[in-house]
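Okay, so subunit A shows up in both of these, paired with subunit B first and subunit C after.
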Partner chain A sequence: MEEELEQKYKSITRSVPRVDSEPKVSGALKFITDMKIENMLFAAVVRSVHAHARILSIDTREAEKISGVKAILTYKDIPGLNAYGAIVPDAPVLAYDRVRYYGEPVALIAADTEELAREAASLVKIEYDPLPVIRSIDESIASSAIALHDNGNIARHTIIKRGDTERAKQEAYLTLDRTYRTPFQKHMFLEPEGGVAYIDESGIINVFAGGQSPYRDKLQIARSLNIPPEKIRTVDYPTGGAFGGKDDVTVQIHLALLAYKTGKPVKLWFSREESGVAGYHRTGSEIHLITSVDKEGGLLSNEAQIYLDTGAYQSFGPTILDVSIETINGPYRIPNYTINANLVYTNNGFSSAFRGFGAPESNFAIESMINELAAELHLDPIDIRLKNILMTGEEGPFGNTVRHSDGLREALMRAKRSKIWAGALQNKKPWQRNGVGIAVAIKGVGFGTLPDYPTAAIEIATEGKVKIMFSNVDYGQGINTGNAQLVAEKLDIPLNQVEVRHADTKYSPDTGSSSASRSTFTSGNALLMACSKALDRLKMEACLYFGTTNEKLEYKEGRFYYKDKSASIYELAKGLKARGETLRFESTFEVPRYPAPIEGTLEVPHVVYMYGTMLSSALLDELTGKVHINQVEFYADIGTVINPSIASGQIEGGIVQGLGFAITEDLKYDASGKPINNNYTTYIVPSVRDVPDIYVEFIDSSEELGPYGAKGVGEISIIPAGASAAHAVYNASGKWVRDLPLLPWKLI
Partner chain B sequence: MDVSVTFTLNGKQVTVKAPAAKSLLRTLREDLGITSVKPGCEAGECGACTVLMDGKAVTSCLVMLSQVEEHQIVTDEGLVKDGKLDPLQEAFVEEGASQCGYCTPGFVMSAKELLLEKPNPSENEILEAIGGNICRCGAYPRIVSAIKKAGGEQH
Partner chain C sequence: MNYSQYTVHSPQTLNEALGILKEKQSEVRLIAGGTDVMVLIKDGVLKEKELLNLSYLDELKYIREDGNIIKVGALTTYRELEKSSVVNLSAPILVDACKTIGATQIQNLGTLAGNLGNASPAGDSLPPLYVLNANVKLQSAESERIIPVSEFFLGPRKTKRAPNELITEITIEKAKPGLHYFFKKLGLREANAISLVSVACIVDLDKDKKINSIKLALGAVAPTVMRAVKSEKLATGRQLDLNLIDEIARGVSEEISPITDIRGSTEYRRRAAYGLVYEGLYEALMGTAKRVSGGIEGVY
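Coming up: the complex of A and B.
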């Protein structure tokens, strides 16, 4: 297969190194937080020391006395909207009358040095009147609960129904009633949130900050500064990890405000602990399922009550809830369902996007349920899935027509034949027990029914390079490399002739964010269209050059051929340039979507889905309760694999992060609402010792809507990790753990 | 109070005037323009600021400037010779061992210490050597294979 592809394609389907790997491994790459500008000021944020309180007064007089302090800003200094949030702007840029999470920003300082900024920050006196702290979903929805916002404590509530679950339950052979919980997961990217802002000679505010969505950030900055977006430039590359935690605004508005007010370059960079209190985390979830099957394990109905804890504000919460809704029926044929979904405010920090975006939460519930049903019915967990998964052409639970679902069937067949599924582990210690678990995952690519018009551009540079421009940020996924490969393939030129302009609104058109596993699909398609446009125009130029009209010209390896003559795209570009014509070709791709979301949702369903199947082998230490996943097999249907090495790396990385979510990661808040574990010593992310042997296999699949058949990859492998690991632990211990993570005390 | 400290950085003698308790990490970044050392935690937890001090891998956030007088410090940049990557760095490129890249220089330096001592290390020795480095992108499997590859090549 691989050999066939290698003959078919010249650039894609090949494991070329990342275009930026040399500067990364040699330490030459300057990350945004490595930036230094002459005479730049350093910023510090004055943060709330209460999780919930009224602000009675803010006194900055002592702080103002510190020499070297250049600005102290409070809510009064915000020229525009004092709120931000990607979907619903309900979070104050600077708190004014009330704080709703520990660490909420109240004032900003800019000073000549970092030390002075921190000293001044410590001298800002804020008088608080503490309010009751809401620590859980239960406390939040209690009738006696204090309202955290004007709209109460339920930020979004919706019910989606199909069929008759009551009747289905009555007719069912077996109904299980279970509650599943997942913890707050912290992104813990190695580079904490940070950046630099300055105003250039033309009055543009340049905001360089680690992020995922340059254009959305730009709009949010403009809204709060009350200036036109054209007066702002955002640059997001290189970013040292993001995983969703930099998808919404982090430091950008604060940086822009300080640069705007002081007229000077400013740097703001969180410490690890500050990132711990101020940064986002994954929504916590509590999902109650009542699921019914017939005697053979055929799914009859699914009743779901979903509660997601969005913390103090919404950010992406409403759409995260949508993805959790879309995930709760799995890739299964479920004729009857009722989904009661709720996004709930608490004082537990601030939830936002995290790789998977509501899907790992729901997947843990439904996939654990399927495993429990299989166990009750004494069915093979793979067989019960094979029985229920939807096939190509069938209508999915949300009215979508299933495309390319065969990848999942094939994956399950392969999983069934795998060695770790077949046999118990040899040579384990007497106090160790072994078990194998499975879960499958489905995830839509992109924004579902939301209109999405990504634009990308290429420029034929006369010096023999093709520059490619798009706003999806490469924060490690490898989109810069994948896109370069796509363009090299389309233009039939060597990869080293393609030069990537990193995400920068000065050059890159608006391709949207790096999120929702959408970058390859969106920027890839838009770039291919831009390539076609360029080739069309260059063909006209070639005709002119060859002294002919309307000829069918042969094109290969970057050259047009006519009789015994030929010309390269670069030579032809010179002709265009000489006449002052543009060498930049820009195209907008309309992401295929269903015309409207199904009732009760914002963006369900998607047209294109990725699929994953994950087998985990667990070693459980009976004496300590410690779980180690020692082997994982992952079968992925991501469409055409543009770069197998990078795609595998994404799958592996998602598995590692997913096993962290499954086994050790658990952000906790104390009784006062303060986060307890916000550094690498107390919040345990996987180290190399925790990583299993990972085997990744790609299912042969091609999605004709995607660029050269590609779909997406980033999120698929983190999604089934929780249920897969919990199932393995059940098979080792006989215990179902329904609240992640799989901590030792739950297993002894 | 500022002190004047002289040490060897990537083969060249440098002298820095800064507070004695300033971390080597911050000294390298703020006074010497070396940015491969990354402050992932500034508490010795993440390994992103790892450098070689007399051939031993240390987290530079936990070393004070006053402690490096007359010592040899090598950073990731220092492994590049005449514009050519070190075979270890080359192996990281080939194996796709770097995703976002922020932790990469730290991993390279932890692995470098190992390869200097044991040119052909066992898997367990590799895990031991990079056990204190965190890669949140989860590129560990590829990092391990890169080190194995470099180990084999240097043997």
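Coming up: the complex of A and C.
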């Protein structure tokens, strides 16, 4: 297959090195938080030491006495809206009457040095009146619970129904009733939240900060500073990891505010521990399923009660809840279902986007349920899935028409033939138990029914380069390289003639965020359109140049040919330039979507879905309870693979991050609502020595709506890791663990 | 991080170091590899404002054989121990433990004296030192004394070291060729993990698997690393079989007094200690445990 593709394409489907690998590997590259500007001030954030309290007073007088302190800002200093949040702006930029999580920002300091800033921060006296701390979903929804917000403790509640689950249950051969829980997960990017802001000669506030969504950040900054968005520039490259934790605003508004108030460059950079308490985390989940099947394992109904813990504020919570709704039926044909979904406030920090965005939470529930049903019915877990997965062209659970599910079927067939599915491990010690687990995953690409009009641009530079511009941030996932390959392919030029202008609102049009596995699909399509536009225009220029008409021209390898003459796109661009015409071509792609979401949702369903199938082999030490996943096989249907090595890297990285979620990562809050484990010593992410042997296979598939048939890849592999690992552990131990992670004391 | 608030003394000789220590006593904090001290500084919990940097004291970087004894200079790093042929031949249990400490970077910097000075009950080099009958040499400007490692610790972060003293050398007894040994560490991940429980064991089995002698030391299960003396006594002279393994492992799990913390509960640590002891002794019984080679290649 690969050979065929190699003949078909010149730049894509090839594992070319990343366009930015050399400076990253050599260390020459400076990350944003490495930036230093002359006369730069350093910022520190005064944070709440209570998880829930009323603020009685804020006294900054002692802090003001420190010489070298240039600004102390509180809520009173915010010119515009004192709130932010990607979907619902319910989080104060600086707390005013109340704090709702430990570490919530109350005041900002800018000073000549970092030490002075931190010292001044420690001198700001805040008088609190502590309020009861809500530590769990149960406590939050209890009738006696104190209300965390004006709208109560349930930020969003919705019910979606199809068919008649009651009748289905009565007719069912077997109904299982189970509760599944997943913990908060921290992103633990290597570069904590941070950045630099300054005002340039033209009065623009430049905000360089690690992020994922330059334009949304810009709007949120403008709204709080009460200045027009044109007065703000955001630059997000190079960001040292994000995983969703930088999708909403982190430091951007605070930085802009400090630069605005002091008129000086300012740097704000969280310490690891600060990121641990004040940074976002994945929603915690509690999902109750009542699922019915017939004797042959055909799914009849699914009743789901979903509770997601969004912490103190919503951020992306409402849409995360939507994805959890959309994935709670898996890729299955389920004629009857009821989904009762709730987004719940607590004082457990602050939840936001995290790779998978509600899908890993739901997937752990539904895929564990399918495995439990298979076990009860003595069915092969692959067979029960093959029986229930939707076929291409069928109507999906949310009224959508299923496109391309054949990749999932093929993946399951291959999984069935795989070595690890067939064979138990040899040479085990008497206390070692081995088991293999499976889970499949489905995830929509992009924002579902929400309108999405990504714009991208290319510029034919006369010096022999094509510059490409889009706002999706390359925070390590490789979008800059993938997009360069797409453009090289389309323009039929060598890859080294493509130059990526990284995410910067000064140059990049608004392509939206790097999130929802959407970047290749959205910016890729928009770039291909811009390329077509450029070629159309250059063809006319070629006609002028050769003195002929369109039909007679041929285009190949960056040149237009006419009889024995030819001209490169760069030569032709010179002609355009000489007449003062633009060499920049911009296009907007209309992301295909259903016209409206189904009732009770915000963005369900999607048109395009990725699929993944994950086999895990667990080695369990029965005497210590320790689990090691020693082998993983992953079959991915992500459409055309633009760069196999980068795509495999995404799959592998997602698996490892997913296994951390499955086995050791367990963010906990103490009785007062303070996070207990906030650094690499106490919050246990896998080390390289924990990484299993991973085998990744891409299913041959092509999505006509995507650029050269590509869908997306970023999130698919993290999603099934929890259920796949738990199933492997069940097969090793006979125990179903329904609350992740699979810590050793749960297994002896 | 602002390091300029610390005054750093960097003596070039041991005498110079001892002189500074005599003068400053507890005002100064000793720093060797710094893999513990730097964490304290970063967390803002280091009391001392002065540091006595030991890293130039080349005279304390050595591994020497002296008859039945191996002398290890206090500033010897884990990596140096791992590479040493005499340690590999006659105290391989220490090598196994060093390889589990942190990860490569930590092993390159961390020193044996630092692990002793830090006095964490979870220090991973310590259980092997207990079963190797290690002695700790403490030197001051005026005098020197030698304390068995099993008497050196008073509790978590507490040792018998006087403020004017420096650990200058650790001596270990060579283990006899042919002895079975194991070091097992249970952490939540495979690198950079703090031990939930660790076990070091050297056992002398005769041809018929009778236990001539056994030494068992455990980490992270009591205020200091401890020898499981009762279980050792119970085992000595008896025939090693599955029943005895179970009895010993149970004995050990009862003899220890672990605490509950965020890494694990008392109950879990007892069960895990049982597991590690069981697994190690099982391997000894089956002949799959490692054995001390003592330099006689090909014999074992």
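Keep this in mind: the second predicted complex is superposed on the first by the 745 of 748 C-alpha atoms of A that agree within 3 Å, B and C clash if a C-alpha of one lies under 4 Å from a C-alpha of the other, contacts with A are read in each partner's own complex, and residues count from 1 in each chain.
Following the convention adopted for this analysis, a residue touches a chain if its C-beta (ideal position, glycine included) is under 8 Å from a C-beta of that chain, and two chains touch if they have at least 3 such contacts.
The model shown is predicted, which means the values in this text are computed figures rather than measured ones.
> Looking at A:I646 after the superposition, I want to know if it touches subunit B, subunit C, both of them or none. Which is it: first, second, both, neither?
It touches subunit B, and subunit C stays clear.
> By the touch definition at the top of the document, which applies to A:L190: first (subunit B), second (subunit C), both, or neither?
A:L190 contacts subunit B only, not subunit C.
> Let me test your reading of the model: by the given contact rule, A:P17 touches which partner, first (subunit B), second (subunit C), both or neither?
first
> When the two structures are overlaid on chain A, which partner does A:G27 contact: first (subunit B), second (subunit C), both, or neither?
After superposition on chain A, A:G27 lies in contact with subunit B alone.
> Which partner does A:G654 reach: the first (subunit B), the second (subunit C), both, or neither?
first
> Tell me which partner A:R689 touches in the superposition: subunit B (first), subunit C (second), both or neither.
The answer is both, since A:R689 touches subunit B and subunit C.
> Between subunit B (first) and subunit C (second), which does A:G240 come into contact with in this model arrangement: first, second, both, or neither?
In the superposed model, A:G240 contacts subunit B only, not subunit C.
> Once the shared chain is lined up, is A:A415 touching subunit B (first), subunit C (second), both, or neither of them?
In the superposition, A:A415 contacts neither subunit B nor subunit C.
> With both complexes overlaid on chain A, does A:L108 touch subunit B (first), subunit C (second), both or neither?
After superposing on A, A:L108 lies clear of both subunit B and subunit C.
> Among the partners subunit B and subunit C, which is in contact with a greater number of residues of subunit A?
Greater contact footprint in residues on subunit A: B.
> Under the contact rule defined above, give the subunit A residues that sit at the interface with subunit B and also at the interface with subunit C.
The overlap between the subunit B and subunit C interfaces on subunit A comprises residues 680-681, 685-689.
> Given the complex with subunit B, which residues does subunit A contribute to the contact?
15, 17-18, 20-31, 34, 187-192, 238-243, 271-272, 475-478, 645-646, 648-650, 652-657, 679-681, 685-689, 691, 694
> In the complex formed with subunit C, which residues of subunit A make contact?
Against subunit C, the touching part of subunit A is residues 114-115, 429-431, 621, 623-626, 664, 668, 676-677, 680-682, 684-690, 743-745, 748.
> Can you tell me which positions in subunit B touch subunit A when the two form their complex?
29, 34-36, 38, 40-43, 45-46, 48, 75-77, 79-80, 85, 89, 92-105, 108, 127, 130-144
> Touching subunit A in the complex: which residues of subunit C?
Result: residues 2, 103, 186, 188-194, 262, 264-265, 267-268, 271-272, 274-276, 278-279, 282 of subunit C touch subunit A.
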